[in-house]
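Here the structure is laid out as structure tokens; the discussion comes afterwards.
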Amino acid sequence: MRSPIPDYLAQVLGSVESDDSGATADYIPELASADPDRLAAAFATLDGQTYSVGDCGVEFTIQSISKPFVYALALADRGFESVLAKVGVEPSGEAFNEVSLDDLGRPRNPMINAGAIATHSLAGPVGIDPQAGFERIVDGLSAFAGRRLRVDEEVFESEMATAHRNMSIAYLLRAYDILDEDPAAVVEGYTRQCSLLVTASDLALMAATLANRGFQPVTGERVVPEPVVRQVLSVMTTCGMYDAAGDWVTQVGIPAKSGVAGGLIGALPGQMGVATFSPRLDKHGNSVRGVRLFERFSEDMGMHMMDVPAPAETVLRKNRHVGADLRLYVLQGGLRFAEAERVVREVAQSSPSEHRVAFDLSHVHAIDAVARRMILEVIRRLSLEGHDVYLVDPEEVIPDPDPGDGGRVTVVGQRLTDWLERLRR
Amino acid sequence: MRSPIPDYLAQVLGSVESDDSGATADYIPELASADPDRLAAAFATLDGQTYSVGDCGVEFTIQSISKPFVYALALADRGFESVLAKVGVEPSGEAFNEVSLDDLGRPRNPMINAGAIATHSLAGPVGIDPQAGFERIVDGLSAFAGRRLRVDEEVFESEMATAHRNMSIAYLLRAYDILDEDPAAVVEGYTRQCSLLVTASDLALMAATLANRGFQPVTGERVVPEPVVRQVLSVMTTCGMYDAAGDWVTQVGIPAKSGVAGGLIGALPGQMGVATFSPRLDKHGNSVRGVRLFERFSEDMGMHMMDVPAPAETVLRKNRHVGADLRLYVLQGGLRFAEAERVVREVAQSSPSEHRVAFDLSHVHAIDAVARRMILEVIRRLSLEGHDVYLVDPEEVIPDPDPGDGGRVTVVGQRLTDWLERLRR
Amino acid sequence: MRSPIPDYLAQVLGSVESDDSGATADYIPELASADPDRLAAAFATLDGQTYSVGDCGVEFTIQSISKPFVYALALADRGFESVLAKVGVEPSGEAFNEVSLDDLGRPRNPMINAGAIATHSLAGPVGIDPQAGFERIVDGLSAFAGRRLRVDEEVFESEMATAHRNMSIAYLLRAYDILDEDPAAVVEGYTRQCSLLVTASDLALMAATLANRGFQPVTGERVVPEPVVRQVLSVMTTCGMYDAAGDWVTQVGIPAKSGVAGGLIGALPGQMGVATFSPRLDKHGNSVRGVRLFERFSEDMGMHMMDVPAPAETVLRKNRHVGADLRLYVLQGGLRFAEAERVVREVAQSSPSEHRVAFDLSHVHAIDAVARRMILEVIRRLSLEGHDVYLVDPEEVIPDPDPGDGGRVTVVGQRLTDWLERLRR
Amino acid sequence: MRSPIPDYLAQVLGSVESDDSGATADYIPELASADPDRLAAAFATLDGQTYSVGDCGVEFTIQSISKPFVYALALADRGFESVLAKVGVEPSGEAFNEVSLDDLGRPRNPMINAGAIATHSLAGPVGIDPQAGFERIVDGLSAFAGRRLRVDEEVFESEMATAHRNMSIAYLLRAYDILDEDPAAVVEGYTRQCSLLVTASDLALMAATLANRGFQPVTGERVVPEPVVRQVLSVMTTCGMYDAAGDWVTQVGIPAKSGVAGGLIGALPGQMGVATFSPRLDKHGNSVRGVRLFERFSEDMGMHMMDVPAPAETVLRKNRHVGADLRLYVLQGGLRFAEAERVVREVAQSSPSEHRVAFDLSHVHAIDAVARRMILEVIRRLSLEGHDVYLVDPEEVIPDPDPGDGGRVTVVGQRLTDWLERLRR
């Protein structure tokens, strides 16, 4: 059987192919002369499978899409406090090249140029020299992509020749002591960062690394820690699409970032990374067909972050008395706070009179930290009330359970039926 | 056993109780003289359970927390296009009472006063008179709360006497034809809306209605349709906390809204509604202890919207050859795009040679629309290739499955073991 | 002989007559339907002569041209301190209807609507009721014009019906406590003020009153005191032409004010008042042909305030020894600081050895306060050195001269030749 | 006799001496360590006399006071159109170092840094290299001062090391194509310009050159043409004192410019140049005691540009019939439009019936261009009506009078009495 996913991607691509509205960026010849008809889309799953259609092997410069990844590196290298002291997290409601400094001279957020230039200077350890700082960034972005990225020297040279506005921004940041380095050197490094070459497939994997809690899906490398990923995704949500942030969040609802060469990425936490490539831009500087593709993906696949999933089946599959003085709670599905709350409530309301109480986790396929703590607390309270509590957990959904504070639990590694069988004997 | 949840809530409340920083709003005597030590927190689950601690029965005026709900009513009553033509969705980066109109004279978003005043005029059908429009709003907000809300006439009178800035805003909106009505009448209605009395428990249920796709958890009433809920939650995410939106999204990560009387709500899609009440405000106009409580809730319960859940166990429990020329795929857990993709991939790669192919959904506890479509497409393709395809689905996870376009499937309502037993015979 | 001045005016009018660029204000029907071809210009001299050409008898509403005059009344009635506490004097660089409040909530200047609305409320004594306040303004503006002005009730009604933006401004001023009164009543009064009917000839006389140190040229009434005039002319200079202030000052260089009905005035201190009327406006809201007329007047008549006059002939006509032990200084022309300095210098350098020193003022036609003080100080010093000092001043250019502080002077009321004749005898 | 003027200056200086409020600029050590107690004031008359008190021989850097003079050079070298295309003339209402570009990217005016940097690049002919451009500026400013100025290299080096904000501005101007040159080279030249050393006496002479229609009072050199002077004085009026422009115009009313090293100049057209020096600055960046000194000068000497002079004596000394069929008009004083108009009116109204009409200008000490044209037009009209017209003008107040267009006049070079005597014979 042929997978329907490439067919789906091809069909969606086909549906936007004829849209030739917008225009390529024209501030340097290399971008102006890019083939405007290029079109690509790629999905990368969290276990490293990539689906690519269209011009997915064509390299283009990463441009502003480098911003969230370098922000991630800066947070990882310098810590949140150091970075937040230099760059804010508030949406600016302004175009990408606006200066937008707050009262302290801090750029409003790391997705506008001012913030990205400041962020560039924060990758690597304090006091790193510009050359080494840039190497840190190439290493880091390559780790996200899973392959060694290289600079397009022609684009770099061309952008440097017209980088007046970024030079202006960098000197202003220097005036406010947001930058300590030579502004010209920082702009050179930043421009070089923007000139790194990527394909749509690279970008999908880079986004998937964010969606995968910082682990690169193919190499398995932990590129940045989880709190950094959360911060980066949050900022992409509110600031990733420039002055169209609100439209994007309401209509697409995927943390995203666009680049002036036509790239666009989205990260679906826990699901996958998505990337598109189409050089013609709208007035906000976002890829016209890229935006349309994401609108389709969001709608077709229900990927809007504010889509409330339909209620799951009840988490409590069974609550029943079993012979041999046993109350049995059979749980199922995934457990977050909401599901654990229902278990807690059921136990609290039913107040089991049996001496033994057992929780069967055999049908639970996922449990998050808060749900685990809640279940353990229930166990602790029951054991303090004098019950013998059992956790039937053959697949170790809760490894090494410790109710703490005087609570006790007996872990049952067998299947429920086997254990009940044994009990009965 | 006593439920640990009220204990948890009480403990968290206790941890912020001594914080008396900030100050009550002082622009009218009724707010200035509010008891600043009031403190309450409430959780409301999607099946209508409410956990309340502290001053959860104390009524206070809803103020700006009415904004997202009236926005929801306007969207429901007038449609997206009409509302978006009058009020934008972009974060303003400005304080709550800034005028913040965009180039078209539209308020930037419905969470600032300008947008909320415009939104107020959009509840109910076109041409509704102010009195009836206000009734529509009381009815709507009462439906969210699940009980009849009433106006605090003293607060209303007092606010009207100093509503100069809102009058100024309303006349400006009138000048830009965003308002068609008499500005003074609109401000009166809006002020009355802000003077509706609620408790923290009411607010938790109102938030839970949003978290529950628009269904009121207790009454079961569908208050607004799902696309409206998605829009409202999106706008709360980017604009709910005024000029602290970016801080809030990165640190708390819950769609929220605060009010000047000290209320604060958060909606956790698919999980629950949360509300707090504490009258002292920070410089942004948000409740000092309310913000701290939410920071605790978010951290303790892993409720940040960008927290990537740990990867679930594999969705494919089994993929094996069974006697009688059968290939059996046993699925488990919750299926979204990412999980369905793995199933699709496995089937595509393994290309079953058996004549019969069966998918066992007995251990699947939830499946969303896109995953359902993907599984059905796999079934269609297999059947077109000549396979007999079976869907073992005793709990009707996929009711009335139709692969479409020439595809065929046989639904098996029995348990897998029973069916296999029968097959073998 | 026919005066060439009307001919000049007619010729200049003819030179702009065919210019039909711009458009009449269209926010109310009364202005939109004004005859756009109306064209008038008037000069009013400081002794009350008026030269009028074109439609100088046609009445139109004064609109914003009322602003400097009501500002003058407010300064006269409440004093500088009270008025400056409510309205600033800085150019705003913004359009007429921008809100433009400074950090204290003060409108930037009295020439933008926000400032004019605040100023309106400051005419008459503190606590005056709105009706009486409006009467004060009609009386005051009528005193400037030299005839009783009346309101165009149709324009007034029409403007009130669309005064949303001014209502917005007034409520904002109320919110900042710049206004203490009911904002709606203030806007009504302000709109009525703007609806007063004037002709170009009226406006020329009103401007001439400012040019004449506050004295109405025809009636001779002192309408406002001199420091008020100085303040009003200064503010007209920097703020009178809205966001085109810099262009106006550099190119025309006459303190001016325009109105949306097509009027435009200029005040040439010490010389005359000028007014034009032509309803089509440019994008700044200034009369197109009015601006062109003023450019012509300024250029043809050398009326730019920064035109440095060619140096006058030497102030010291003679410095010579006369028989009978007399040093004679014959002064001529007008004496300001610069001219008096030359006299002072000459006397100091020549150190007259004669016992008698005489200053002949017969040919001096004007002397300002500082020059008078300087001449008297020279006299004082000479007399303290032992000289007998004489002031030949048959026309009492320096009435009652008092050198002060021990100085003495003998005033000679005769003509120089007669006095010298007598001396010789 | 000792001149009272130095005494006056010393007395005024003494009255502000004890004011030690404000602080020296501290962004570079050279300014921070300046002696804050330095105090100087100088007057320079239009014939080159300088009155200096206090530290008038102390050199300090010219800083922003160079701006109006370099603006004058740019206007003279490139023409108005070229300069206005790059730098506007509107007050910005902002601090000196704000970027303040208008919609076209033009700096708002040449008195803020952005405008001054652009202006710096416009001195000298198009295409001049930076070194030569700087020489042009030193030559030009030296011509204004009347002596060769030199750069303080220490201040220059120190300012360059912290010129981040100006670098930022220059790169922004480059981005908008306001600058065509290398921004770093322009900032270097501009900083060097600001580091030129001057004394208060130099500055008084520089200001006096502006007050003297562009002629240096001592050297007599025409430094820039008159229209340039008018433009520079106009811009100083509205933009010279940064965000305090309105306060300055209303309270002092003298075209002025301040510098961060403590200098302050004022130009009184047709009268003199004034300069003060005192390093402590107020929050606007203007010298505290300098501002107070100018307030005193303006008040004491009636030098506010909007002070309306008291009306001069009547311009028509006599209008009478003399024997021999002659109508005699004896004029006196200074004639501008207003005075000439009275003559014109008198002649038009009196319609002389005599065959001969004579105008005696013996007592006229100044006449401007428009008044001359008006008198000649009256003569022309009278001669066309058949009169023989005589101009008694022994001092050639109107040299080579030509009524034009068929008009004829007989010039009488004798004194009136002699001529009348002759006539009678």
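Labels for the chains are A, B, C and D, by order of writing; each one numbers its residues from 1.
Everything below uses one rule, namely that a contact is a pair of C-beta atoms (placed from the backbone, for glycine too) under 8 Å apart; a residue touches a chain by one contact, two chains touch by 3 or more.
Since the structure is predicted, the reported quantities are computational estimates derived from the model, not experimental observations.
Using the contact threshold fixed earlier, the set of chains in contact with both chain B and chain C is empty.
In this assembly, A is the chain whose CA centroid lies farthest from the centroid of chain C.
Annotation: 68 Å between the Cα-based centres of chain B and chain D. Separating the CA-averaged centres of chain A and chain D is a span of 65 Å. The geometric centre of chain A is 21 Å away from that of chain B, both derived from CA atoms.
Across the assembly, chains come into contact as A-B, A-D, B-C, C-D.
Those residues of chain C lying in contact with chain D across their complex are 1-5, 43, 45-47, 49, 88-93, 108-109, 211-213, 226, 229-231, 233-235, 237-239, 243-247, 249-250, 253, 255, 268-272, 300-313, 332-334, 336-338, 341-342, 344-345, 347-348, 351, 363, 365-366, 368-370, 374, 377-378, 381-382, 385, 395. Of all residues in chain A, those touching chain D in their complex are 164-165, 167-172, 174-175, 183.
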